[in-house]
Amino acid sequence: MRETAISGWLSIGSTYSAEIIGCSGVDCVTVDLQHGMIDVQTMIGMLQAISSTPATPMVRVPANDAALIMKSLDAGAYGIICPMIDSVSEATAFVAATRYPPKGSRSFGPARGLLYGGADYFDQADATIVRMAMIETQQGLAAVEDICAIDGLDGIFVGPSDLALALGKTPSNNSIEPEIVAAIDRCVNVARACGKQAGIFCSSGAHANARAREGFSFVVPNSEANILKSAIAAEVNAARGRRPL
Amino acid sequence: MRETAISGWLSIGSTYSAEIIGCSGVDCVTVDLQHGMIDVQTMIGMLQAISSTPATPMVRVPANDAALIMKSLDAGAYGIICPMIDSVSEATAFVAATRYPPKGSRSFGPARGLLYGGADYFDQADATIVRMAMIETQQGLAAVEDICAIDGLDGIFVGPSDLALALGKTPSNNSIEPEIVAAIDRCVNVARACGKQAGIFCSSGAHANARAREGFSFVVPNSEANILKSAIAAEVNAARGRRPL
Amino acid sequence: MRETAISGWLSIGSTYSAEIIGCSGVDCVTVDLQHGMIDVQTMIGMLQAISSTPATPMVRVPANDAALIMKSLDAGAYGIICPMIDSVSEATAFVAATRYPPKGSRSFGPARGLLYGGADYFDQADATIVRMAMIETQQGLAAVEDICAIDGLDGIFVGPSDLALALGKTPSNNSIEPEIVAAIDRCVNVARACGKQAGIFCSSGAHANARAREGFSFVVPNSEANILKSAIAAEVNAARGRRPL
Amino acid sequence: MRETAISGWLSIGSTYSAEIIGCSGVDCVTVDLQHGMIDVQTMIGMLQAISSTPATPMVRVPANDAALIMKSLDAGAYGIICPMIDSVSEATAFVAATRYPPKGSRSFGPARGLLYGGADYFDQADATIVRMAMIETQQGLAAVEDICAIDGLDGIFVGPSDLALALGKTPSNNSIEPEIVAAIDRCVNVARACGKQAGIFCSSGAHANARAREGFSFVVPNSEANILKSAIAAEVNAARGRRPL
Amino acid sequence: MRETAISGWLSIGSTYSAEIIGCSGVDCVTVDLQHGMIDVQTMIGMLQAISSTPATPMVRVPANDAALIMKSLDAGAYGIICPMIDSVSEATAFVAATRYPPKGSRSFGPARGLLYGGADYFDQADATIVRMAMIETQQGLAAVEDICAIDGLDGIFVGPSDLALALGKTPSNNSIEPEIVAAIDRCVNVARACGKQAGIFCSSGAHANARAREGFSFVVPNSEANILKSAIAAEVNAARGRRPL
Amino acid sequence: MRETAISGWLSIGSTYSAEIIGCSGVDCVTVDLQHGMIDVQTMIGMLQAISSTPATPMVRVPANDAALIMKSLDAGAYGIICPMIDSVSEATAFVAATRYPPKGSRSFGPARGLLYGGADYFDQADATIVRMAMIETQQGLAAVEDICAIDGLDGIFVGPSDLALALGKTPSNNSIEPEIVAAIDRCVNVARACGKQAGIFCSSGAHANARAREGFSFVVPNSEANILKSAIAAEVNAARGRRPL
């Protein structure tokens, strides 16, 4: 990845829009199994579609569920973002699910890995796969130094809306509440100090760029569903001859 | 419909993005079976999703194929846009496929019609369904007066790219080639003179508004796939800190 | 088949409801590609599901379309009902699409045929497959003797609603209009005189039984969608403590 | 909801039968992810189809699985029925998964919520969503008072077959075993005393009405699969000219 | 099953290839939800397709997840292979999920069971369903005698690749590492001594036959994906006029 | 393509097996919409999966249907094989459907073309797309010189089974009937004399190699379904300890 990687984010369960995003100039594309309108079978086709583009396929799993993490990897994901990591033990379990023994507990059966990754998939997988733990609760925030120190974890990913909720605020991707700003600063600083990736979900490309300047190395300029929502609203507005939104 | 109806245009085969577009403020949404990455089974789910929004569901069929036109109507479409109408006989056959006997030849079996349209579907369908014939060839252009005069046809729909190709030009939705400008003018003028709808595919909302001012009563501010492509490119560009595209 | 065969009729695109109907005591099950909310890929799974039941799988195609007729057969249909047969030439073309040369023009590639039908599929297919031409227009009605005389056609199938429409009446499966009653009588009498099957779509099981007593040898006690609609309405009514509908 | 709400129950994985049930006069429709032949991607389309009808969409999840509960809500469910709730701690965890912090732990990302529920979804969701805990084990029965007392739980839902099994009897929805009758009475009485909803799965509409008269406020007149099974059997029987089943 | 049962193994998410394998002469077919590119909705269709063949349908679940085990059974699986069983308590929980109370905790709602298994499904299910616990870790290996002694467990299934990984070796289905050979010998011997089935995943039919001669009673001659991979490579090689691989 | 191109052939409707075949060393992969258990929506995902492999994606359409040919191209096919071409006029219509005006009549809207092919798709498409007309009837055979002479047609493709049927023989891919041998020789000789591709469906890789030595430049070593059928039968046979088939 480049200094700052930009990831597309997929909530629409379509292999075609997945390919559109993969061809858009992003570095990677994350299929969102948590809040996206996407289930596993659809994800498999989407990962295949992303494989035909220059972007690296990733998955945000809906929970720290080892079986689902392994299946996402077998289906060809090269990175996993895991929500709601609150402690070292949870982060350790997450990382273990992504690594073959003896370092981890991943079960062997890399279906698409062998097609997309090639015959040396088994040898290369552990070093190639990116693992990011989401920090979005008070407990996760409190444990961020210890989580960042875990061997095999590549970085953390901030979910600003859930973090805001956890801190008693309204969900927002770009809150200016001092407490939230401080919490996000803490995340990026700790991650950088540990030599780990710091990722974050943003509300737009401009916001993603601002986050990159704050030190984030992995930024998401909103989901394709939200980008489409704004863009179609703007076009409809223009079609009605109204002033820009 | 309002004075000028604005239609969303679906190329992505997803019920979720269909619903997003249906909730975007458009008057209707057209599922594009011709160039969209969408087949009939997916269309059925998309028409259901559109039914949950304020927008009217329509379908652009891939050809003047009576069986497929009837199936789209049974699946709940309230408007049909038919490509490549070159003559009165083709337009007449198209209209017949959308009307029950004695006015037409539609076969009876309005599956979703009875759910979405209600128990009086049979009585109301012919008067409610919108039928638009695409003018996109030299023959179609030559016959536009006669086509517009057909009873039961609600209007014409201009496919500017195919029309440009047919006139020996590069495909474009907003060509300034005089021959194409004249051809499009002719379409809108003839349709209005006949008291029929004049529809057109546009390259953006602003372009759709310009077309509305030209007299078009049904405008499409590009497909959701193209709108998403432009919007994600702009966001990625901003995320990289580059000047706006 | 027995003296009078009873066919389930599928409008709901689900492999599970297909299997439910196949296990319900019917002799065969017809997947309705014309008015059903079902496309070809879904049909394939439904034919597989029906194959696991005692019932014979059939397909009502949406039009006299040779490619689609052949694909339905390759997918394992053992009977084809073809709508809108108006003439001997149409009926002949329909039959030809279901038979291998030299008797017909079916292309060779019986994918599921070899699995479901067995290794002798090629030798047995032409003799085993049932072909029924729908009589539902004035022209079809006029030509019914000639259509019934066609070699290889196993019978005719009456679509009462479309026939009623064609005769200028309201669509209905059990019309008492003398003209429609006479037309239906004519169909069953001609078919029996020719030693061919006479099939008809009915509004209920009781109606199907009445049709059987009129001489029909293949009866459909309504679609599963309509049966479900009536049954759920009755249960909801009972749940509200109201008198039976 | 009315005094007694009637819910459809979906086991067939089809968006079309979902819409049929939603249009049948029921107050709400529950997609059964536990015993239904339905997975998450199909459920999303079914919830969209239900959204186009007057009925409120609900989901019976297959287990007390927070990620799946959240995804069902994001997909537009307005009620969740959770099986196998045996204790206050399980019921509390279930409720927490349906509520945003600080009252609960639901993660923020209400994809279809914003479309179907509108822009104020976040503010309204917690007050609008209905949560019912299934009482179907001896432990659950023993803890029913404490479970009913939980803040945020809207009611309990009795699974009579599993409850019968748990009490050593044959699974049945309308058992007359005194022990089961007593257990069900206890559930409805405790729920009413706590001012909570009492729901139950019934074997028919008439049975649902009887349950309503017993005090149940949420009744299910069997699944659409079972209703279809009975109805098709009755029609086939009638078609064969046999006496009613 | 015969003395030694041969099971097909499905990784490709297609109902058609499922049917091909079911017709291939195998005794049973296992849908692999763990490493296969298959999710639950697709599995349902595949189980239906297998039901139309002489082979018994089975499922390898992705984890010891009671809800998913129950759903696989409701969908018509007649055998469950459960991965990563490390202890008596895990094996007991697995078995419980497959049995109705009082012997187990399976929830009642046998959707396809009643269609495929028949009206006596409830009475026969517990005795008919085959349960196999996978031994593929050091803990599982250590506990194999105790696991084999569990009432209701029909046998064990060795995952040689994961077992090799667990023992610090390269994943392989036919390792000649003495430690692995000894571990596999131990599994088959313990299972036979307990009168239980001993199953194993093999690299080919010849290998499966060798395993049968070692005493295994349930053998898998590789997945259909791997068999296809080898076969297509051989055909392409031959097409290029090269010597056999 | 190389001197002799080898094409995989897909009858199984799975994106995963499509990717397996695309990674098998073939030059291209043909999705068979005619006899394959595959419909258009599934084809779109399969073309995306093939796009992630080194192989060129192609489609065999089910009929000379312009709308379907155009949709296959929009979905990313880079070659079309069209069945049942009997005359110059049919071949000309086929070719026209694949070319933009003024050379043809293809409608503009290259959805995946712009993603997979790149921004210059419109300029390059006509020169890049491969068009092969199937010769499988007596009329087609009689017209083969004239068909091969058509501008824009890249070659012919022999369907030996249908050709055998058309000549009154049993369907076979490697018949030794002199009449069929002569017909096939004629096809390859005419095509080569015209400087066109000569393609043929073969029964195995060895057979494909023999066909290449006969002069065919495009050979198909059977479908993946047939290859899998033979391979699984061989493995099951070996697993039973029987002598090789």
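Per-chain residue numbering starts at 1, and chain names A, B, C, D, E and F are given in the order in which the chains are listed.
Throughout what follows, a residue touches a chain if its C-beta (ideal position, glycine included) is under 8 Å from a C-beta of that chain, and two chains touch if they have at least 3 such contacts.
Because the structure is predicted, anything quoted here is derived from the model rather than measured.
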item	value
Chains contacting each of chain E and chain F, listed by label	A, C
From chain D, the most remote chain by mean C-alpha position	F
Rigid-body rotation angle, chain D and chain A, from Cα fit (steps of 5°)	120
Taking each chain's C-alpha mean as its centre, the one farthest from chain B	E
Type of chain C:chain D copy interface by residue overlap (half), same or different	same
Where chain A and chain B are represented by their mean Cα positions, the distance between them in whole Å	37
Distance between chain centroids, defined by C-alpha means - chain B, chain E (Å)	51
Mean-CA-position distance for chain E and chain D (Å)	34
Residue list for chain F, restricted to those that touch at least two other chains	11, 13, 15-16, 20, 37, 39-41, 44, 111-112, 225
Topology of the chain contact graph, where touching chains are joined (line, ring, star, complete, other)	other
All touching chain pairs, where touch follows the definition stated at the start	A-B, A-D, A-E, A-F, B-C, B-D, B-F, C-D, C-E, C-F, D-E, E-F
Touching residues (chain side chain F, partner chain B) in the complex	39-41, 44, 66-68, 70-71, 74-75, 100-102, 107-112, 122
Complex contact set, residues of chain E against chain A	11, 13, 32, 34-42, 62-63, 65, 83-84, 136, 159, 161-162, 165-166, 168, 170-171, 225
Chain C - residues contacting chain E, complex	15-16, 19-20, 23, 44-45, 48-49, 51-53, 111-112, 115-116
Residues on chain E engaged by chain F in the complex (per definition of touch)	6, 8, 11-17, 20-21, 24-26, 37, 202, 204-206, 208-209, 212-213, 219, 221-222, 224-225, 227-241
